[in-house]
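Multiple structures follow.
After this come two complexes, each holding chain A, first together with chain B and then together with chain C.
Presenting the complex of A and B:
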C-alpha cells in the first residue's frame, strides 16, 4: 500500500515534469531580427517587455512570486491583491451555499418522506437543474436590483439542486426495517427524523453537498466575470481585458487549488458520517 | 460633532465670529444675499444720493420687488451658494475601462473630486448593459455613459424608463474602425458584404457611425453585414480569434489591436464626423433635484478634468495616470498613442493626428437631435419623435454653461449648430427632412 502511493506520487511528478517540459519548449523565444529599433517598432512595443502570447515558465514564476508575496494589497477599488479577491469570492460562495443548505436539506427531507410530493415536484426540479448561472444573471439583476445579492442568488439557485435531490434520495432510501423499528417503539416524528433518518441519510446528503460546493465554486467565477467589482472571477476578467495571459493562468491555477480544498473539506466531513452496515 | 474636551478642537465656526458652524453658514447665506443686492443696487444707482432719494420716494419694499422682477436675485444667490458642502459625499461612479472616460477617471488620482469635497469610488464595470442596470438600480450615483444611452433610458428604450441626464460630453472623436489584418487589401467598404462587425452597445455612437459609414457606401447594415454587440474589452480577443472581421470600437482597443498584431486601423471616427460626441457623463434627474450641491460639485470636478485633458501638453501625463490596473489596465504606450495622436496604424506607418481624441465637454443639443434621427432611421424608435424636447430635456446645456463659466471655460452661446457627417450637412432645425434624405434605412 505504502509502495503503491509512493509509485503514484513519483508518476505524478514525472507527468508534471513532462508537462512543464513541453510548455518550456513550446514557448522558447523565437530569434527576433535584431535591427535598429525604429519609431514604428517602438510604438508597436518591440524591444519592450510585452505580455502577450503564451507566457514562458519564467514569466509564470515571476507572476507567482509577485502575487503570492503581496496578496493583500489594496490600490483602489479596482485593483486589489489576490488574497482579498479570494476572500470576496469565498464570502459570496459561503453565503450562497449556506442559503442553499438551509433550503435544500429541510425541503429534501419533505420530498424524501412523501412519495407524492416527490413525484409532483420532480418535473420542476428537472427543468430548473440544468440552467446555467449565466442565464440566471440578467433575470436576477433585473428583479433583485443589486449586483452583489444577484451573485449570491445565482450561487444559491445553481447549487441547491444536487443537494436537494441527494437529500430526497437519501431520505427515501432509508432502510424500511429501521423505520419500522421506530414505528414499533412509537418514536415521535421529530425524533424519528433526527435520530433515525438523518444519520442514515447523512452520507448521501453529504455526497450532494460535495457536488453542490463544486458547482458553487464553478458559478462564482462566471458570476463575478459578469458582474465585476471584486472576486477572483473579476480578477480573471480584468486580466483578460489587458490580454495578460500570465495572470489569467495564475488565476486559473488558484481557482483549481481552492476548489480542490473546498472539495477536500466536505470529503473529510463525509468520512466522519459514513457508517458500515 | 466635535469633541468639546479635545484641546485641539476650536468650538464655534471656522471664522471664529459665530457660536457654531450652522450659525456661520446661515450668516454667510445672508451675507451672500446682501452682497449681491448691494452689487445690483450699486450698478443701478452709481450715485448714492440718487439711490437714497429713490428709496425714500417709493419705499424699500417696493424697490426690492420692482428690482427683483428685473434681476434674478434667486439665481444669482444660487450661484454664489453653489460652493456649499455637498449633501452626499460618498459617491460611486461607474466606468468602462476606455480612454473615452479619461476626464472622470483622472479626476480621482488628481484629486479633483476631493477638491470639491467628494469621496468618489470609481467602479470598473464589465459592460454597457451593466452600466445601465447599475444606474437604474441606484448602485452607482453617477456614471460614464455612451451619449445615446441617457436618451434611450429617458425614453424607456431597451430598459425601464427613468429620467437620466447628460451633464457633460466626456469626449469627442477618439474611436476608430479596426479591421483584421487579413483584410489589408479590402479597404473599400463595398467589399465588406458579409463582414461581421462588433460595436459596444446598441445605443452607442459606434453603432450609429458604423451604420452611417457603410450605408454611405451602399451597404445596408441590417442585411449586408452583421453587427453584434461585444463589450469593448472583448473586441481584441474576438478579432484575434477571427470571430469578427472588424469593429468600430472605443480606444484604447483599436490601438491595442494594432499593438498585439491582430488588426490595423482602417479609419479614425473623426473621418466620419469630425467632432462627434462619444461618451457622456450622466446623472439621474433625481440627483439634480435631491442633492443639488453634490451635483454641482461633481460637475465642477469633471469639468476641471476635461479642461486639463483638452490641453495637448498634458496628454502624456494623463496616459501615465490612467494606465495602471486600478483604471484602464493597459500598457502605457498604447494609451499614449491614443491620447497624443502619434500612433502606429498597424500597416507599418506612423501617423501624427493630434486631434485623434479630444475632450470637449459641451453637450450640444444638435448632437442629441442627430442621435435621435439615427435612432429613428434604424428603427430603434418608432412613430413621431419630438426631437427638440427630448434633446433639451436630456442634454443639460444651461447647467454646462453655468459651471463652465464658474471655471472660466469658454462655452458656446448657441445650443444648436449645423455640422457635416461624411460631407453631408446636418441641420438640427430640420431633422425629419434630414432623415428623409437617406435611401438606406429600416423601412418603418
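Presenting the complex of A and C:
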C-alpha cells in the first residue's frame, strides 16, 4: 500500500517534469535571425531576446516569487496583491454560500418531509436549476444596483440548487425504522429533526455542499470578470488587458489550488459525518 | 379486566382484508408469542399495539386507556434492530433514556444505560458503533434500548429472525432471565416454534392471510424456569411442539377456505396436558 503510493508519487513527479520540460523547450528564445530581418526588428523596437510572448519557466518562477513574497500590497484599484484579490473572492463565495446553506437546508428539510411540497416545488426547481448563474447577473445588477452584492447573489443562486436537492433527497430517504424509533420514544419534532433526521441525512447534504462549493468557485471567477473591481477573476481579466500572460497563468494555478483546498475542506467535513450502516 | 385488551381488531385495504375479528387479552407480566405464516398480519397487529399503524376497526386498550399513537409505555424491539449507526451503543440507549426521563443529568443517564448494557452482556462495547458489532450484539443493543425505558409492555417483532442458531440460543436465554427478573409484559412475533415454547406463557396461532384470524390460543403449560438445554426432555415439550407444527403445516390454511370455522373468541387449548379437550391423565388411565 505504502509502496503503491510512493510509486504513484514518483510517477506524478515524472509527469510534472515532462510537462515542464515541454514547456521549457517550447518557450526557448528563438535563434538570432538574419541581419536584415534583425535590423527590421530593431527598427520596430523589438528586443532580440523576446520570444513569441508565452512566458518561460524562468519568468514564471520570478512571478511566483514576487506574488508570494508580497501577497497583501495595495497600490490602487488596479494593483493589489494576490492575497487581497483571493480574499475578496473567498469572502464573496463564503457569503453567498452561507446564504445558500441558510436557505437551502431548512427548505430542503421541509421539501424532504412533505411529499406534497416536494411535488409542488419540483417544477420550479427543475426549471431554475439549469440556468447559468451568470444569466441572472443583469437582473441582479438591475434590482440590487450594487455590483458586489450582485456577485454574492450569483454565488448564492448557483450554490442553492445542489444543496436544496440533496437535502430534500437525504431527508426524504431517512430510514423508516429510525423515524419509528423516534415515534415510539415520543421524541418531539425539533429533537427528531436535529437528533435523527439531520445526522441521518448529513452525508447526503454534504455531498450537495461539495458540489455547490465547486460550482461556486467556478462561477466566482466568471462573475468577477463581468463585475470587475476586485477578486481573482478580475485579476485574471485585468492581467489579460495588460497582456501579462505570466500573471494570468499564475492566477490560473492559484484558482486551481484554492478550489482544491475548498473541496478538500468539505470532503473532510463529509468524512466526519459519514456513518457505516 | 386484563392489562391489554384487543377487541375486534381488523385491517382492511380497499378490496382485501388482511385480518379481522382479532380478539385477545394479555395479563400483566405475561409473555405472549404470536405465530403464523408470512402475510397473516402479525407485524401489523404489533404495529397497531405500538401505535405506529392504525387498525381499520377495533380497539386496543392498555392499562384502562385506549392506545392511540406511539407511547413510551410500550417499548419496541424492531426486526432490523433499527439502531442509529452514527451513535455508539451507549448513545443509542441514552437517546431512549433521555426521551423517557428528559430531566435526568448526564451522569444519571449514563449509570442507567450502563445497567442495561451490562444486563444484555455488552459490557466493554459501550463506545462501539453498531457497524462494529455482530448481528447478535446489535439485537442485544435493541433489546437493552427497549428495556431501558422500562415500558409497561414490550413489543418484539421477530427479534432473532436474522440471527444464527447459536447466537439466537444465547440471546433467548438472556431474554428468559431478563423477563424473569423484571416480570415484564411481552408480546412477541416469532416464526420459531421452539422459541415460542421456551419463552411464552401463551401462544396465539394465526391462520393464513388474507382474511386471517386468531384461530387458537395455546396455553404453554411447561413449568418454569425453563432451560433451553433440557426443555426438550420434558414430556410436554413434543406434545406442544407437535400441536404447533401441525397447526402451521396442516390447519392454518383451512380457515381461509371455510373448512374450519373462524372463531369469534379463539378456543384455548392446552396440548401439553390435555389432548382434544380430554385431560391427558384420563387417556393414560384408559390405556392401563
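The rule we apply is simple: the second predicted complex is superposed on the first by the 259 of 277 C-alpha atoms of A that agree within 3 Å, B and C clash if a C-alpha of one lies under 4 Å from a C-alpha of the other, contacts with A are read in each partner's own complex, and residues count from 1 in each chain.
The rule we apply is simple: a contact is a pair of C-beta atoms (placed from the backbone, for glycine too) under 8 Å apart; a residue touches a chain by one contact, two chains touch by 3 or more.
Please read all numbers here as calculations on a predicted model, not as lab measurements.
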Original post:
So, does A:90 touch the first partner chain B, the second partner chain C, both, or neither?
Top reply: neither
Original post:
Now for A:79: first (chain B), second (chain C), both, or neither, which partner does it touch?
Top reply: first
Original post:
Touching A:237, do we find chain B (first), chain C (second), both, or neither?
Top reply: first
Subject >> chain B versus chain C, judged by how many residues of chain A each one touches >> reply: B
**OP:** With the two complexes superposed on chain A, say which partner A:226 touches: chain B (first), chain C (second), both, or neither.
**Re:** first
Original post:
Regarding the shared-chain residue A:195, is it in contact with chain B (first), chain C (second), both, or neither?
Top reply: second
Subject >> Partner chain in contact with A:146 - chain B first, chain C second, else both or neither >> reply: first
Subject >> Of all residues in chain B, those that touch chain A in their complex >> reply: 97, 108, 121-126, 130, 133-134, 136-139, 233-234, 236-237, 256, 258-261, 324-327, 329-331, 333-334, 337, 342-344, 348-350
Original post:
Tell me, which parts of chain A touch chain B in their complex?
Top reply: 39-40, 42-45, 48, 50, 52, 75-79, 141-142, 145-147, 225-229, 237-243
Subject >> Contact footprint of chain A on chain C as seen in their complex >> reply: 50-52, 70-72, 74-76, 78, 80, 82, 84-86, 95-96, 99-100, 129, 131, 149
Subject >> Interface residues, chain A side, partner chain C - complex >> reply: 175, 177-178, 180-181, 183-187, 195-196, 199-200, 202, 273, 275-277
